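To start, the structure under review is shown below, and the notes come after it.
Should a chain be cited, it is by its letter among A, B, C, D, E and F, assigned in written order, with residues numbered from 1 in that chain.
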């Protein structure tokens, strides 16, 4: 879709050269600033490396393993830790059945107000950034990112991308994904592109009447405070934002849950037991023993298989 | 999903032995009691046998025939009888296009209130029932049942089953089905299991903050008073609860409707008629005659076919 | 579904003979009248021929081309013209991914009020029309029409068609389509019929408690004033009603947009550019030149291909 | 509020002279036309005189009596007649406790569409009407009218009046009233003006993005088909639109109901009876007799009192 | 309002004689039965006497004291006890500012289903109860009761009372109050009667299409399981249902809260302190001391005043 | 209400001493920081002095004059300037009819997340701030402030104040006002305190499960980006946030509007004119002249009156 292009000439050639240097520059140009140091301070429990822009970098290997996660498995660990506000739902899901996994790259918009936007633009120009739009943020996406956008539920003119930019995001993030508390356009075109996406609505209008107020700042999506670098896990039900410090434990525990489910269904399939004899845990000591052995064997298999890759 | 298992150790070995004996015991243990005699009295028009727990037993053969029903065909008979409150909709449908048919097995929950639940649990224990949870009811399901659950529209902690128990229900009811005025969890896992289900929402939390108040008692689902043993018929639109005394007539009339639809579309397909010349009934006496003969012939064929099975 | 047939005997044999002569007769019989002259006056900008009933006749060739349109492409032209009220959404879409295109045939219902309906019926009878129901309108549909129905969002008894009449509409309009600000019934049956449809709800009841108040009169669907003969374009998102005078321009501009999208994605696929270097328009003069040449070449190809058909 | 004034210069001096002659002129100028003859035909059961514009004229005396009506009393008669679609609710009520009574003067707007509006304006000009706005209709209001406006639930730019025009409507209708399926502005100012009003919302914007499509045409308000000249009765709950032919009966029956309520409460006040001994009708023959005599005496008193005015 | 009277002749003379004997009789006649023994068992923690029908009888003196309670004060005690499901809101409040206090008298309706209702009526007749309607329950109300009605949110035909029966309830309960998860009619009339009431909607239709299924059984109102005899406390915000065993503690603690609020505002009024120096508790030891003395003195005063009545 | 006090001991004695020094300290302690310099930059168009915390200080005299404003008068100027996102509605209004006017003091909360909050608290402690709660912000309020709180629409545990703190806010701001996109508690108590307030809901729970993330930062309320120091104007309809640079013009133009309304109603009161002869502007040159003179005379009177105070 080309519509918005006509009215918004853009001469951002140098942007490509600036690359990831953009973030510090933008940090002082955006209304809601969150400098790299702040980001580092507020995600101090991150056990992994960081991306050049300061975000925690959940390792690629763990991201791959996370593709097998479901919302419930994340819930189990996070509620034990007392993190009850990490789940958002109520979205339209573009490709149900295709799990979304990646690192949160956050973008925030607020309702347009010219006096404020003019200052932001002037500040951006001082730092060599000629335009402040959705593409300013989109151009900064990295492989493995999931684009998380706070457009405060806006439908009309709240469309973060159409099919062209959606295609770009897919290429840039290596099919990471998109979550927008707002809308998209070109649904017919977007439906044919193989990247997970979660949105509140669809509308034919382009984005407008808003101003870009933050890139990689803390944003609120539903009842979640999302921090840049959170591990994003989306399934048919909704989206979990996992603080990096819990990723390893979530994955390890999920292995056990998968095995437990395997065994439970196997026993149910035999047709000899009432549900409560088997699930949540076997009531009969012999069955308990059988399960323990099964769990151990399967865990060993999984680990062997994983390390052999 | 194993999450709830950890916090709720269960030693219900003897439950399996008790089998269908449970109902009478529970009848006095549950807040809303509905003894077998009451159930028999209030479903006195039932023309069929009864299950051991007292529910009317719509015969398996009729259940099979009912798989071809649509909501509209049920509506036609019930509104003639003056039964205008037997239809519920507004659900998420797990497998659109897969008709759900079976006998209503009802379960009721109410918001937790410890003073009441403590009494219920003590009464249950006196009758040898060590736990009052969703599994207490699920363990009692029979082949041909559809599990009907009143969880008063609860989403968070209103999840009657996850994928493990959904799998159990599928096995126990022989793919009967599930209707919950509440939610489910593990949608990704459940989507792969071949049993019809109707639910209001999906949530990652386990069931909680509720108490089991009745098994096979009259429950309200939307605008319907569901009686245990009702024939449940669910299609893409919604769910009909058919009192047993009307099942035969609904099915017989549906045969005629199927033939009428067949003939109507055949005539439309010829492209020679306006819709009102053919539908609802042919305006031309010759066409009326043609239809009558068609109807008779096809009814004969159907009956022959049916009896030859 | 035959249900409504039983209670509504119909003797409309002569209707088939009357054919398109019906409209003038009905014009004076319906509560909201909109005679052929008025229709012609109010659609004076129509650049095409007219149907016998006075509606603008967007040519079949353009309707075919319009199958490639998306909501956004229509939006682009119409907003430039200052037409901001031509889009309606919030419907259930029967066959997502199947574009709906055709000429608007409008029908209006209002809540039943016997004193008014009795007069309308008497007037109709004077003009030889024996019945005023949904089928009165449906019998007038032509190939290429999309049936647009104002049933003011009614769900119960707001069902414009079941599967039999839906089948008829499909045959009569050559799979044109249906838009109803109201409901349908027999969703299971309708799902198997290959015609696009947009509706607010599904219900097992037949149409009732309403009166037919206008055929091919201006109607409101959502925030749109629909005029008979508008080009209707429906995709996964919603429905555009295009005044005939803009159809050619919408289609021509869509050709350019398709090429622009093609080129944009091709460049993104190369992985060498930031999104803002390419989209909305290339920032680098060399790329601009490349795009211009690509556009010219592809436009030529498309036109050649089109004229060779 | 003057805001809209600046942008819309108006030179409608002659309009005042034209007076009620306007309706016939406008009838051909408006999109939805409903000439005086049609209005007369469709309200043929009206037992009263007619206003110069053709609307039934429920006599002033009956309007005065109707001030004592409640929604329930209207309901009782209309449901007996089979008129189940004459009640609308869901409005914000400006002055709860102040009953609204008067003759329906209807106005219809539809979403703006320039090609249509330009034709309407040209037609209006031919008939000497220089402007088609909300004020075109408002200037035609008569004493005893209630202004009924279909603005299809529009909030932003759906404001039929602000405080200045509300004041004018109050003067012109002698405090008749306003019902708008849309919004108003200047609520602070309007709250101080003593005329009943029912509206869906309040907004600071002036009316816009709509076109006037009909004056004194049949309109839909909620689930009601309102005919010009209907008796409008609004209380705290909602609004009844009474066809003129039922006004006398509604009022006569209300007299009996008032007396019945008087007597019922008197008996309850004595504290000697269970509710079912007295209400709906006394169970004891002696009480029945007492009530009959009370009814007769009070009816006589009321009639005497009424005729003596 | 007399409307329903005409269609429902009633000969319930003997009902008045039966008096409170009704409950046991009805217990076996109603679909959802909850015999006196069950009620006693499930409210075993009740520290007070019981009413003849078995409900806990919170003493009149405590009910009087409870008039000074607010929702927050009840919340404070109940959440400490782990009772988080005792509050319901989302009602229209008839007389904001007038606190509602009394003992819960519960009534349950379910959607009508003739086969079930016929049995219930026959059972009732066997026990000498000739009718099963809303008045059957209303006739059993006692001074100090608040009528709690589960009409499952029904608006049309979900009207538990009009102004006549509302007046009766006011007299019978000594202005106790009404809570209906459903609607009322005759709002204009009801507004003039001095009894607190909470309802979901208002409608002109009488109650219908439902069957009475329980009197003084456990009912669900919003997210609360209400037990007969609960202390009901309603303010501007919503309604608390207090189990009898917590009433004394709620009241005692409320005394302290009132004094605390008194003192806090007095200190704020002096204008010398930041909010956090005073509230929740004084930060300065001297202020703490001052508060302690104030609390003691005022508690003494209140108790003296109370005992002197 | 004391409930929250018990669980949150507070020793903030020194806070009172710190006074307005708090802001810079907190600026670095809060998740969303907005240092004084940023605030100054982004409100550079402010024509007035500034408060010690950097907010624009609309003069007290203009605030007083603003008490006569209505939403529509603000709308008129702001839409001319192209500021279309300065209005928020959909609130419950505590004291309808009492205009709210003052300077925006903004506070932002986000869903609780311990890893983030722990860092914020540690940073706060470093700066001598021992607690980060709603009271931290409330203690900083100045006379003339309106407290604007972003609690993202939270109802349960989204209660910014109960009656004690509401009383404090009233004292500290000299009855400035409160706007919360969230809830309040103790509505009964708050209703008796004479300060305007706008809130989404009421709930008995105290604030919880959130973290304080910003004081005097840009916040979003509905569709408005609110900047600290905006002039807040609330009436019965909703709330306008006026950038300081437009305050003078809004007030001057409102004077003219008041006079225009005065004159318009006076003319309507004479009963000689159609609405369009007078409103928006007089059509007759003589009337125009009359109005001009009236306007001039009244403006003079108003100014004289104002300067004489």
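Everything that follows uses one rule, which is that contacts are C-beta pairs under 8 Å (C-beta built on N, C-alpha and C of every residue); 3 or more make two chains touch, one makes a residue touch a chain.
On a predicted model such as this, the values are computed, not experimentally measured, just so you know.
Of all chains in the assembly, those touching chain C and also chain E are B, D.
Common neighbours of chain D and chain E under the contact definition above: F.
In this assembly, the C-alpha centroid of chain A lies 54 Å from the C-alpha centroid of chain D.
Separating the centre of chain A from that of chain C, both taken as means of CA atoms, is a distance of 39 Å.
Chain F has its Cα centroid 35 Å from the Cα centroid of chain A. Shown for chain C are the residues that touch two or more other chains, of which there are none. Taken pairwise by the contact criterion, the protein chains fit none of the simple patterns, being neither a path, a ring, a star nor fully connected. Pairs of chains meeting the touch criterion are A-B, A-C, A-F, B-C, B-E, C-D, D-E, D-F, E-F. Of all residues in chain C, those touching chain B in their complex are 1-6, 8-13, 15-16, 131, 135-136, 138-139, 162-165, 167-168, 171-172, 185-189, 191, 202-205.
Per the touch definition, chain D reaches chain E in the complex via residues 70-76, 79, 87, 89, 96-97, 99, 235-238, 240, 256-257, 260-261, 264-265, 268-269, 271, 273-277, 279-281, 283-284. The touching residues of chain C, when paired with chain D in their complex, are 31-34, 38, 41-45, 82-86, 110-116, 119-120, 123, 152, 209, 211, 213, 217-218, 220, 223-225, 227, 243, 245.
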